[in-house]
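The chains carry the letters A, B, C and D, assigned in the order they are written, with residues numbered from 1 in each.
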Amino acid sequence: MESLQTRLHRQLEPTAWPGDGVSVINKLVLALVSLSLLVAIFETEPYIRTAAPDTLLALKAFFAVTFTFEYLMRLWAAGAMPQYAGLRGKWRYFWTPISALDFTAAAFLWLEILSPIHGTLGVLFRLARILRIFSLVRNSKWSRALRLMGSAIKARYIELILSLCLAVIALALSATALYLVEKDIQPDAFGSVPRSMWWAVATLSTVGYGDVYPITALGKVIAGISALTAIAIVGIPAGIMAAAFSDAFQKFRNQDSAAQK
Amino acid sequence: MESLQTRLHRQLEPTAWPGDGVSVINKLVLALVSLSLLVAIFETEPYIRTAAPDTLLALKAFFAVTFTFEYLMRLWAAGAMPQYAGLRGKWRYFWTPISALDFTAAAFLWLEILSPIHGTLGVLFRLARILRIFSLVRNSKWSRALRLMGSAIKARYIELILSLCLAVIALALSATALYLVEKDIQPDAFGSVPRSMWWAVATLSTVGYGDVYPITALGKVIAGISALTAIAIVGIPAGIMAAAFSDAFQKFRNQDSAAQK
Amino acid sequence: MESLQTRLHRQLEPTAWPGDGVSVINKLVLALVSLSLLVAIFETEPYIRTAAPDTLLALKAFFAVTFTFEYLMRLWAAGAMPQYAGLRGKWRYFWTPISALDFTAAAFLWLEILSPIHGTLGVLFRLARILRIFSLVRNSKWSRALRLMGSAIKARYIELILSLCLAVIALALSATALYLVEKDIQPDAFGSVPRSMWWAVATLSTVGYGDVYPITALGKVIAGISALTAIAIVGIPAGIMAAAFSDAFQKFRNQDSAAQK
Amino acid sequence: MESLQTRLHRQLEPTAWPGDGVSVINKLVLALVSLSLLVAIFETEPYIRTAAPDTLLALKAFFAVTFTFEYLMRLWAAGAMPQYAGLRGKWRYFWTPISALDFTAAAFLWLEILSPIHGTLGVLFRLARILRIFSLVRNSKWSRALRLMGSAIKARYIELILSLCLAVIALALSATALYLVEKDIQPDAFGSVPRSMWWAVATLSTVGYGDVYPITALGKVIAGISALTAIAIVGIPAGIMAAAFSDAFQKFRNQDSAAQK
């Protein structure tokens, strides 16, 4: 009969899971990690921080206890693998990158509760939890699809770089043209090429905030022409990304149907 | 010789219509339902409500009478089907989902006239009439095209979910970056990650209302880079939808030409 | 030896031109028609109208004389075709649609000079000259490419109509959702579904003027979700048009290479 | 044994480089040229010009000395080619377009230091350095990819011109329609067709600055319809460019795999 350790190991370790996809326990962990990310995002809102400080603390305490318990379970279950058996093996497991990530995530949660870190560092610690999501799905079809996408993009790196260069040149030329035409009329918006660049990015990406735009007739003509011609150029990287995506999933489906035979 | 009931049934019941497309009477009903939807939309405008209350009431009375008459016709014509023949059959037909939808639509029209419901509930009742359009075309090529599209989208759900996840991550990272840079300078717009999210959505979808935008140099650089790189990522779901559409219609045309042989 | 009439006819009548493309004289006429359109566009600008009234008048007089002379030449050259020979034939030619278009265009130019019509009617008369461009290229590869495009679009009319319906439904649902959420807070912008529609069109087409946008948290969440999901739907008609264009030109190139063999 | 001149020639002259891509020295030159372009862009910013005039001068002096040295090296190394050997050959090399470009770039750098030219001319001189980048990669796969793209675009010139014409007609009709509707209400924004054109370009390119937009109900309806239908038309040139790009890189990869066999 199988030991509890072996069964837990199979549930917790994505590479040991025999079935397709993600194990039940890891699905739960995935949901909790996503939830804790959501809480971390909403926690930045001052209104929520002052309105419900106790709920936030309770949620964080719950996550801290849960993720600590989860970490200890992972540490123990890792013993099912021969290389991580015994106290020595545990020590070795402790220093693997994924274990270190899990440990740090749990430790930072305790740190947040005991002495709240606000500011850039605290936000980055919280964001690092996104990596945990990737580590949990690393043996499922999602991760395989991601890997195929990565290689599809790599296969097109010359296209991507060249189209990005064209986009940058289009940006630089548009920005320079408007700098030359409107630098004396709107010095705040077009007084230098880097300043014009803000207009150029907003225009060629078609975002168009409307905080800066040409006001002279010549500036409007140049802006109109550069917008219409450059949109085609700036849109090319998006097209390449979409094609890479489409290629990757064609391969993905072919592998799937080959595996089913 | 065929009875009037059988002939009416063939006209009114989309699945009983022998020809291609939609029967003449159902086309008329379709036009009336669309018109009543249009009236419901324009009715929300206070200017129209005060300028022409009588015209609106007359139109609604006309629709109420027409749709009630239509419902009674459908109830009677359903008797042409053996399972809905007789008073018992009528009762059974009355409780079918499509009959219930038709009945509710007609009933709500009378309710609107007798005691006008304004507010959310009334609007939702009126919007529900869109479903009647789908029920009327449910046996035509339009509905077949829609079904093919549905299955083409279902075949790509991994791609769609993965690309949506990438888009959400791009949104979260952009929002967090601008929150970190401008949270003290523009607390109203970037004072928390959820607030920054509004900027991120408006920017990465290239809508760019212009109510919020970075004002510091670093914020503008980050916004520019994140806009240009993320547009490619946010555009991928649109590309997948377009490809699904194209696939579905390729299949649709193949079925059509196979049917014509 | 060929008569002058026959040679002129070959130059003036696009369908009689033996070579590829457009004859030399018709190219000149094309340039003049385009120029007269440009003048008509710039003439609407009050600043130009007051700054250079004499130049405008001179240009219009030049166009009037030229196009009148061109019309007389066409009338005379049409005699080279047996069905338009003789005075009777001229009369018959006079009433052909293309001759009527040419005559009207020239006549309106004289009318503009003698008693200037400003306002909608005058602008529409001037715009009608675009049709002359199409009549001049009607036997060249440009016109063949246009016809192929037309049939490629016609072959996809179900897709186009269905995707337009989806776009309209997405517009209606977004507009209704924001009407329900913000109708009391921003009655000018969202006080009725038709008013919300202006916001919905500006958002889902990603134009985003920024004159109206949600200000409540719930409104922003709904706007963000509806923007991101609906962009994919609104982009589909564009994709279909692009595919139709691509199909038409594939066919065009195949015809070309077949003709060269 | 090979002379230093021959070895230098192989490093400096892109067409003489035996390996794939760009030689080590030319990579360095490429980086320096890009850096000098970046400096030229930031130099237009008055804030930087007043804050760090010495750093800017030092950088420009460094670039001037480096590019002069590079030019002399190229002049000497060109002697390795028989047609440019000897003093006569140098003179001939001096007048080749690429040498002239290099010489002018270096000369202008000295001119900038000795008597700074601000204004349009100075900016154009600095921008001309982009051409040097193209001259340095002219024998690498990047340049081959660019050439393939050029021919892919040329093969589609009818499509591009026709789609641009359609886009221009869509622009003109939208602008005219709004001019007719709002010319009296918003004379500044829609008082003439050329003025309306600014709105039309901003709308149909989906940039939507929001400085001008219709305010009447009829104007909004027309703007909405024209925006939604015209976006599909304006998007076609972008699609053609993306397809040309995709074609060119398909050919590029085929050539690559053929070369590897």
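Operating definition for what follows: a contact is a pair of C-beta atoms (placed from the backbone, for glycine too) under 8 Å apart; a residue touches a chain by one contact, two chains touch by 3 or more.
Every value quoted in this text rests on a predicted model; they were computed, and no experiment measured them.
By the residue-number overlap criterion, the interface of chain B with chain C counts as different, with under half of its numbers used by both chains. Set against one another, A-C and A-D show the most C-beta pairs in contact at A-D. Averaging Cα coordinates per chain places chain A and chain C 46 Å apart. Computed from the mean C-alpha positions, the centre of chain A lies at a distance of 32 Å from the centre of chain D. Annotation for chain B: residues touching 2 or more other chains are 202, 206-210, 240. Taken in their complex, chain A has these residues touching chain B: 41-42, 44-48, 120, 123, 127, 130, 141-142, 145-146, 149, 167, 197-198, 201-202, 205-211, 234, 237-238, 240-242, 245-246, 249, 252. Within the complex formed with chain C, the chain D residues making contact are 156, 158-159, 162-163, 169, 172-173, 176, 179-180, 191-195, 202-203, 206-210, 213, 220, 223-224, 227-228, 231-233, 235-236, 239-240, 243. Residues 206-210 of chain B are the ones that touch chain D when the two sit in their complex.
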